[in-house]
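Shared chain: subunit A. Partners: subunit B in the first complex, subunit C in the second.
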Partner chain A sequence: MTGHLQVLAQALQAGDRDRVEALTRAALARRTEPRDILSTLLAGMAVVGERFRDHEIFLPDVLLAARAMNAAMVLLKPLLVRDGIPTLGTIVLGTVAGDLHDVGKNLVGIMLSGAGFEVVDVGTDVPADRFVEAAVASGASVIGLSALLTTTMVNMQPVIDLIERRGLRGSVRTIVGGAPVTEAFAREVGADAYGFDAANAVQRVRALLDLP
Partner chain B sequence: MTPREGLLERLRRGDRVLGDGAWGTMLFDRGLPPGTAPESWTLERPDVITAIGQAYLDAGAEIITTNTFGGSRFRLAPQGLQDAVSEVNRRGVHLAAAVADGRAYVSASIGPSGLVLQPYGDADPARIADGFEEQALALASAGADLFCVETMTDAHEAALAIGAVRRVAPSATVIATMTFDITPRGPYTVMGVSVAQAARALEGAGADVVGANCGTGVEAMLAVVRALAAQTTLPIAIRANAGLPARRGGRLIYPDSPSRYASAAVRMLEHGVGVIGGCCGTTPDHIRALAALMAARSA
Partner chain C sequence: MRMMIDLTPGDVRPGRDAVLSRMGFGPGDAVPPGVDTLMARARELFEARAAPVALFDELSVGAFSDVYEGAGHNDAMTPLDEVYPRAEALALFAATLGRALDEAIRGLFDCGDPAVGYVLDVTAAAAAEQLAQVTADRFLEAVTRESAGATTLRALAYSPGYCGWHVSGQHALFERLRPRRIGIGLTAGALMDPVKSVSGVIVAGPHKAHTFRPTYAFCQTCATHTCRSRIASLRRPQR
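Entry: the complex of A and B
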């Protein structure tokens, strides 16, 4: 990584959105390849995720970094599309039927898009068929299900059952999370993965898609 | 109507005051549909709210919490109840006051907005402060003179809620509690607030009683209590969960029995906790068990 990209990675880890935006513009102006800028940013976010996992930093620091990442992605995305650089994958994300909580789901969305994924946010109180239709329509390879209520986490099962019935198991994976959701619960309902927090969800999605 | 002697005077004398237990999980057990705002039952099923309050009073609680935790416009609006902020909060106080009838304090609950404040999220702090003020004004106008700002994870948001209460009810007693997780670095809120930072922020915003509620159970709460006792000279209030819930046949069961919860919770009194009650998963039976141990302790 050359000097100006190292500075960019550091600014991202510090969550300095204005600086990340300016440094991304500057890198593009000096004709750095958009995909090299992207990999710099992704590497920076990976460090942020690790530091969060290791309790060196807390959620607000991660949110700041993800927001900085998103600001850079606004600049990079059209260029990556132009160059035919594929995104890491598309994730459909929503809160299950009966549940209107969106804070946790939004955090996961911010961090997934911060990590370079396309996120299709289908909102809250989402019935099973809408999750599956959104995944088919967007070509998503993962559906993320959120629930904050002990009483609504049971509505994750119908989504997973519907994926099975539609013959999509294998091509559309599922990850579940939310305050009352546990690894054991995820196994019980047949989810492919469980994210215990937003940063962990990103790591688990990467693992689901065999990304390093 | 409130008891003759103020809560703060009693705490300053070294009295220990028993609060009530959970409201949300009690309402779900009584059939509140998933995803429905608990506050909607203040309007639709006031009989249930009254019965829960009465059960806590009968169990020995000296504080009855109002069913207004999610009574800010931020939480009511997604349910189509944005025009009901005043009514939900006023009637919430009236229902609790009718139960307490001068035998218990009525504690007006204010929970978090559910939004992430700038710069970490999009919520404008000025808008959040206005929303809390609207809720606090309705609670105060209905006669609440004890407020409980609870389950906060962002110190800034907690301070905004406390400040809103202070503006509309300058002489009210304000209890402010945050929710901590136990990390390898010690107790922190999900927004990265340490116990020391929480104590400073809550005190600085004007809270009279500081503490913690919710979280991962009464054992973990002991670690929070120890840290907090070293950081503040204010009275401490604690409401812990009855452990981490497990799923049994589609229902959530909180593992701590009344006796187990009570015997762990009463140990907090050794660390200077002045107000003790329960959060998610606790019931009138938990409060009754705690009342018995507290009575035995002071006898």
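Entry: the complex of A and C
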């Protein structure tokens, strides 16, 4: 990594949005390849994720870094699309029917975006068919289901059942999470993975897609 | 006795330590300047958007027994089974920080400032907890005004969804309390709307009425054990 990209990675890890935006503009002005800038940012976010996982930093630090990453992505995204640079994959994310909580789901979405995934957020109180339609329309390989209540987490099952009935089980994987959800519950409803927090969800999605 | 209480954001504003603790910071952890800035911004938004209001309605032990039974999904043994029969006074309550705060949190996530959105959400969650206790304190004041012998009582709030009281119990609670007049609705899944709302029963009784051993089946998987600090808080002198 060259010097100016190292500085960019450091600014990202410090969560300095204005500096990341300025450094990204500067890197593009000196004709650095957008894919190289993206690699730098993803590597920086990976360090942030590891430090969070190891309890060296706290969630607000991660969100500041994610906000800085987003500022850079606004500049980079059109160029990456132009150059045909693919994302790591598309994830449909939503809170299941009957549940209006969205902060946990949003945090997972931010972490996945920061890790290089395309996130299609279908919102809250989402019925099973809307999850599946969104996955088909976007070509998503993973559906993430969130719930914060014991009374609503049961609505994860119809989504997984519908994926099965539509014959999508092999191509669309599922990950579930939320305060009342456990590994045992995930197994019970037939989910492919369980994420106990936002950082763990990213790791589990990577594993589902056989990414290093 | 049924009473609606208008409060100010200042009445329920959580302390700095309460917010930091919910974000995972321990007492000795250094707080980065960036996090301090987020907290200051979240505090400003909280003051501007929170509109706390509460409602309580006193009821007898027998009447509460019917509400608590709900749809029959509670755990076989719960702390409330021990606590509420010892109460000197009971009241159902519901309280909310208002819809504008929910919308502010959602707006921050939607417009690309999730860091402030998250800290505001954490601030609101801590404030909701404070709101439940402020409502309990107001009920206790009302009980004390009515009965000279009630000065040694302590009041704590207990909520569906915690400690074996199944969240579906919200339906029976809402049917009796009818908190729609303070702007709180309930979904079929027993979720309160606005989300930053609290409800439950306020138990006013002698200190020992609130004590129990946290050895229930669900205590083993409890991540917070807040019952310990709640019971400990009763040892402090009354305000």
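A few notes on this one:
Keep in mind that, in the parts below, the second predicted complex is superposed on the first by the 212 of 212 C-alpha atoms of A that agree within 3 Å, B and C clash if a C-alpha of one lies under 4 Å from a C-alpha of the other, contacts with A are read in each partner's own complex, and residues count from 1 in each chain.
Methods note: contacts are C-beta pairs under 8 Å (C-beta built on N, C-alpha and C of every residue); 3 or more make two chains touch, one makes a residue touch a chain.
Note that the coordinates shown come from a computational prediction; the quantities given were computed from them, not determined experimentally.
After alignment on the shared subunit A, the placement of subunit B and subunit C results in a clash.
In the superposed pair of complexes, A:Glu118 makes contact with neither subunit B nor subunit C.
Judged by the touch definition given at the top, the superposed model places A:His101 against both subunit B and subunit C. When the two structures are aligned on the shared chain, A:Phe185 is found in touch with subunit B, with no touch to subunit C. When the two structures are aligned on the shared chain, A:Leu59 is found in touch with subunit B and with subunit C. Touch criterion met: A:Leu149 reaches subunit B and subunit C at once. Applying the stated contact rule after C-alpha superposition, one finds that A:Asn70 touches subunit C and leaves subunit B untouched. Counting contacts as defined above, subunit A residues 55, 58-61, 63-64, 67, 98-103, 106-107, 149-152, 155 meet subunit B in one complex and subunit C in the other.
Across the interface of their complex, subunit A is touched by residues 28, 33-35, 78-79, 114-116, 119-121, 183-185, 188, 190-192, 245, 247, 250-252 of subunit B. Those residues of subunit A lying in contact with subunit C across their complex are 14-15, 55, 58-61, 63-64, 66-67, 70, 98-103, 106-107, 110, 148-152, 155.
Of all residues in subunit A, those touching subunit B in their complex are 55, 57-61, 63-64, 67, 97-103, 106-107, 124-125, 149-155, 180, 185, 188.
Those residues of subunit C lying in contact with subunit A across their complex are 23-25, 32, 34-35, 38, 105-106, 109, 112-115, 117-119, 121, 161, 166-168, 187-191, 193, 195.
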